[in-house]
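Note that chain A is present in both complexes that follow, paired respectively with chain B and with chain C.
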Partner chain A sequence: MNITKNQSGNVTILNMSGRLDLASGASLKEKIQQEFEAGNVRIHLNLAKVDFINSSGLGALVSLMKETRLKHGRLTMSNLAAYVAEIFEITQLSHIFEIYETEEAAIASYNSTMPVQ
Partner chain B sequence: MDQIVQDVSELLDMLQAEEVSVREEAVEALSTIDSDEAIAGLVISLEDASANVREMAADALSKVKGETTTALLSDFLGAESITTRNLAAEILVRIGPEAVPALLEWMSSDDHDVRKFIADVLGLIGDSRSVDCLCQALWDDNINVCCSSAEALGLIGDPKAIAPLIEVGEKNADVRPLAIEALGRIKSPEAIPFLLSNLSSGDPLLAFTASEALGEIGSPQALKELTELISGDSVVVAVEAFKSALRISENVSVDIRGHVSGERLRSFIIEGLLEEDDGISRFSLRNIDIWRDKGLVLELLASVGKIDSITWCQLVDQCRHIYHDLDQMILQQFEDANLTDRMSLLDALLGCMRVETIEKLIPLASDSDPEIRIRVASIFGRVDSPTSLSELKRMVKDPVGHVRSAAYRGVGWIGDAEATGLIITGLNDEYCDVREVCVGALVTIGGQRIVDHFTNDLQTTDPERQRLAANALGWIGEDNVLEPLRGALSHTDPQVRKAAIEALCRMGEAPTVDSLLALINDENETVQRVAMTTLAKYHSQDATSLLTPFLNEDDLWLQFHVITTLATINSTETKNLLKAKAESGEVALRLAAINAIADMRDESMIVFLRTIATDSDTTIVAAVESAMSSLQSGATR
Partner chain C sequence: MNRESAFEKDYASIVESETLMFDDLGKFLADNDIEGRLVQDIKLCVSEAFNNAVLHGNRLDTSKRVRLRLSANMTAFIADVTDEGQSAIALIEKRKRPAPLDEGGRGIDLMYERADEVILSTAANGGLSLRLVFKREKTKRNISNDIEVSVSKGWASKLQEES
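What follows is the complex of A and B.
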């Protein structure tokens, strides 16, 4: 999995591509941990190029979501490929993740709320 | 000509008939005749006893237009009947600018009611040619005419009216509020000094109207005076001044927060949110963090039932980033809230409940209302704590299926491996949605125990369970599902075989050629087709030779599928096969081959397509033309 980063205001955007599984889930967690350490707790994941996700990948996202909440931050996702969206529905995780159709819509949602104290 | 005159005369007589249908018929006929008499007949019908006849006549008159119509209708503006008068005014507005010259003449009518209604009509038509006449009418003897003229000038919006409006506003106290309003509509900064003088006049009505007008104009020149009024004695004026100041400050990015006292601001915010005033809602939500007023937030939370759902969600979303004890603040509102409000409060808790306060939710887990219990289960699922898990374990035994679903879902979200056994028992629930939720929860948790469970389920006698197991193994998608899925390729149930092929492909572990060789000959057509597609996609070198024999099968649908599958393999061999199929044989298969050739997006195939472009079958010719066109343009069909 390849992860690239860019910034939109105080939201860190991670663009992921490839498969989200045990190994790439661990890399993602590590990457986000670095963001937390740098004080960035507003994270957006653009999953447009993620074409496969398995249990371990889902587990990584769930644990990241919990950790972000503990840090009073936000974790959003967008551009889910059909299969990934299907898995989120099947596992009911679509209810607890903040999922947007597009990255723009997700970033706009950050802009309509206040920065985290 | 004589005949027409006779016809009109007869039609006019028919307007006196007792039967409504006869009068309707007459109006319908009169509307097709272009003569003053016919128009007069239609105008007379505006006073018909039947609403339908009146409406038909009005409709016809608004289309006829012309001076006669306008002149006759203007006369009606002085009618005693309000219905007739309004109908005449409505038609004149519908006629629009064409009616203006005649209306302007009628502004010299002796009847002040006619002059007043003409002024109203001219305002609604909005034609600048009326401005001079209306400016004169600002000084009419009748006050109603003056007021209507001021209002009309505002609607027209021509800057020529600014000076006359200011003059009449300065000299005539009765017209002044309407002049101020009109100046606001014209939106010219030229009026600002006059408006500011009224803003500080001490008269609440004038101050209110001037505030509104200054907000319309939107010039920062007025900000200082408006912000002063925000703290004034009249709350009504203060609210209007606040709204206008907000409008202006948004345009020019000026911060007006410091100009509003805490108490007053609180009342503005609460009332503004309750009244759904967009400007105040936006302002309040944007600034709620800066005031850090817990009392205000508590008051807003207590107003849950009165705030619209979008504003409520935005409010909660804002607050949860500011107040880390928002969950407690929300829980405080529970006691006095009705059922609907409690639902909204629980929805708000979804995003902010903390481990520290989760115990306070326990009593609600046994609430008599299942909707409450569903929400509580969802909240427990979001809060990773032993208390949540223990409550959810209890709630999976709830008598209501939806509550059990929410509870199992929550256990899945917590993702506790120890709860795996509990979720597995949910796979036997009598309700399908509970079973599906359990599968989803198990997929999220993953792990060998769950893989073993689903692998065993592949061997049960229950087909639904076998299929669910095959899908679940695919969704789990870990290395430890590969063997069970490969085994499932030879399962007795075709849906399991199909699910296994698809899952293995998704995992990047497509079945081998040997496995697919058996599956392309599967007794089940769906499995057979999925296997063929997989073969072409993952083993294209072997696919052509393995699939070609199927082109000689009797089954047309199978041949059709093979043709479209071959098109995905871009090789000389497949192109030749498709050419042969396109040249002769069943028309349906020839069409499939032509379309498949187009899908290959190889421009060199145009040469071949030309050779069959003169086919005797017109459908083939049309398909060839379409294929050539898409290949030439490089577009995908």
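What follows is the complex of A and C.
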């Protein structure tokens, strides 16, 4: 999995590509830990180029969401491919995560809402 | 004629084996002309079984191996994943669905959701053997895709007629 980073205001955007599985889930957790250490707790994941996710990848995302909340930050996602979105639906995690159709909509939500406490 | 193709390999019980497994599985599926939605479901379920074997069966013990056997013919694709741990079929069958914020425990449910058959047994070595069966004929999964496609096509042609 490749992860590239850019910034929109005080939201850190991570663009991911490839598989989100056991190994890459661990890499993602490391990458976001670095962001936490730098004080960035408003994280957006653009999953447009993620073509596969399994329960290990989902577990990594759940872990990150919990940690983000503990730090009074937010973790949002957007641009889920159809099959990836389906896996979120099957596991009912679509009701737990903040998932937006587009990156623009996700970023706009940061500007219009208070961080999740 | 219904020729069967098969692949078998042992993997180390380390996280990095997942990538090797994906490479081998992808090649096998391509060589056997297994395409589309079925490929995604197979990759999902085999990865779940494989990771369970590495993490929970063999507990990342590098002296233990995970055996993957793949076979395919014109009617079905079968994956057998066997670990060298202590088979705990009763525990798996009695498991509860994970709570929303649990980090693990979703793999077995995904397998039951996506594979046509999931068969658990105790291997000769005492480990867990998990068989995943996928039918290549039209299943509920594929039929629902076809319906979606035909509805979309219907709308597309209607719009074309109107323009």
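As a convention for this text, the second predicted complex is superposed on the first by the 113 of 117 C-alpha atoms of A that agree within 3 Å, B and C clash if a C-alpha of one lies under 4 Å from a C-alpha of the other, contacts with A are read in each partner's own complex, and residues count from 1 in each chain.
Everything below uses one rule, namely that contacts are C-beta pairs under 8 Å (C-beta built on N, C-alpha and C of every residue); 3 or more make two chains touch, one makes a residue touch a chain.
The model shown is predicted, which means the values in this text are computed figures rather than measured ones.
> Please determine, from the superposition on chain A, whether chain B and chain C clash or fit.
Verdict on chain A: clash between chain B and chain C.
> Let me test your reading of the model: by the given contact rule, A:Tyr83 touches which partner, first (chain B), second (chain C), both or neither?
After superposing on A, A:Tyr83 lies in contact with both chain B and chain C.
> Kindly classify A:His72 by the partners it touches after superposition: chain B alone (first), chain C alone (second), both, or neither?
First partner only.
> Is A:Ala23 contacted by the first partner chain B, the second partner chain C, both or neither?
In the superposed model, A:Ala23 contacts chain C only, not chain B.
> In the superposed arrangement, which partner chain does A:Leu58 touch: chain B (first), chain C (second), both, or neither?
both
> Could you tell me if A:Asn10 is touching chain B, chain C, both of them or neither one (first, second, both, neither)?
neither
> Going by the contact rule set out at the top, does A:Gln92 touch chain B (first), chain C (second), both, or neither?
both
> Tell me which region of chain B runs into chain C after superposition, given the options 189-197, 387-395 or 513-521.
So the stretch of chain B that bumps into chain C is 513-521.
> Check chain A for residues that touch chain B in one structure and chain C in the other, and list them.
The overlap between the chain B and chain C interfaces on chain A comprises residues 19, 21-22, 52, 54-56, 58-59, 62-63, 66, 83, 87, 90-93, 95-96.
> Which chain A residues qualify as touching chain B in the complex?
Touch list, chain A to chain B: 19, 21-22, 52-56, 58-59, 62-63, 66, 72, 83, 87, 90-93, 95-96, 112-117.
> Okay, in this complex, where on chain A does chain C touch?
For this pair, the touching residues of chain A are 19, 21-23, 26, 52, 54-56, 58-60, 62-63, 66, 83, 87, 90-93, 95-96.
> Which positions of chain B touch chain A when the two form their complex?
Where chain B meets chain A, its residues are 286, 288-289, 314, 317-318, 321-322, 324, 378, 381-382, 384, 409, 412-413, 415, 436-437, 439-441, 443-447, 475-478, 506-508.
> Give every residue of chain C touching chain A within the complex, in rising order.
Against chain A, the touching part of chain C is residues 15-16, 18-19, 22, 37, 40, 43-44, 47-48, 51, 55, 100-107, 109-110, 113.
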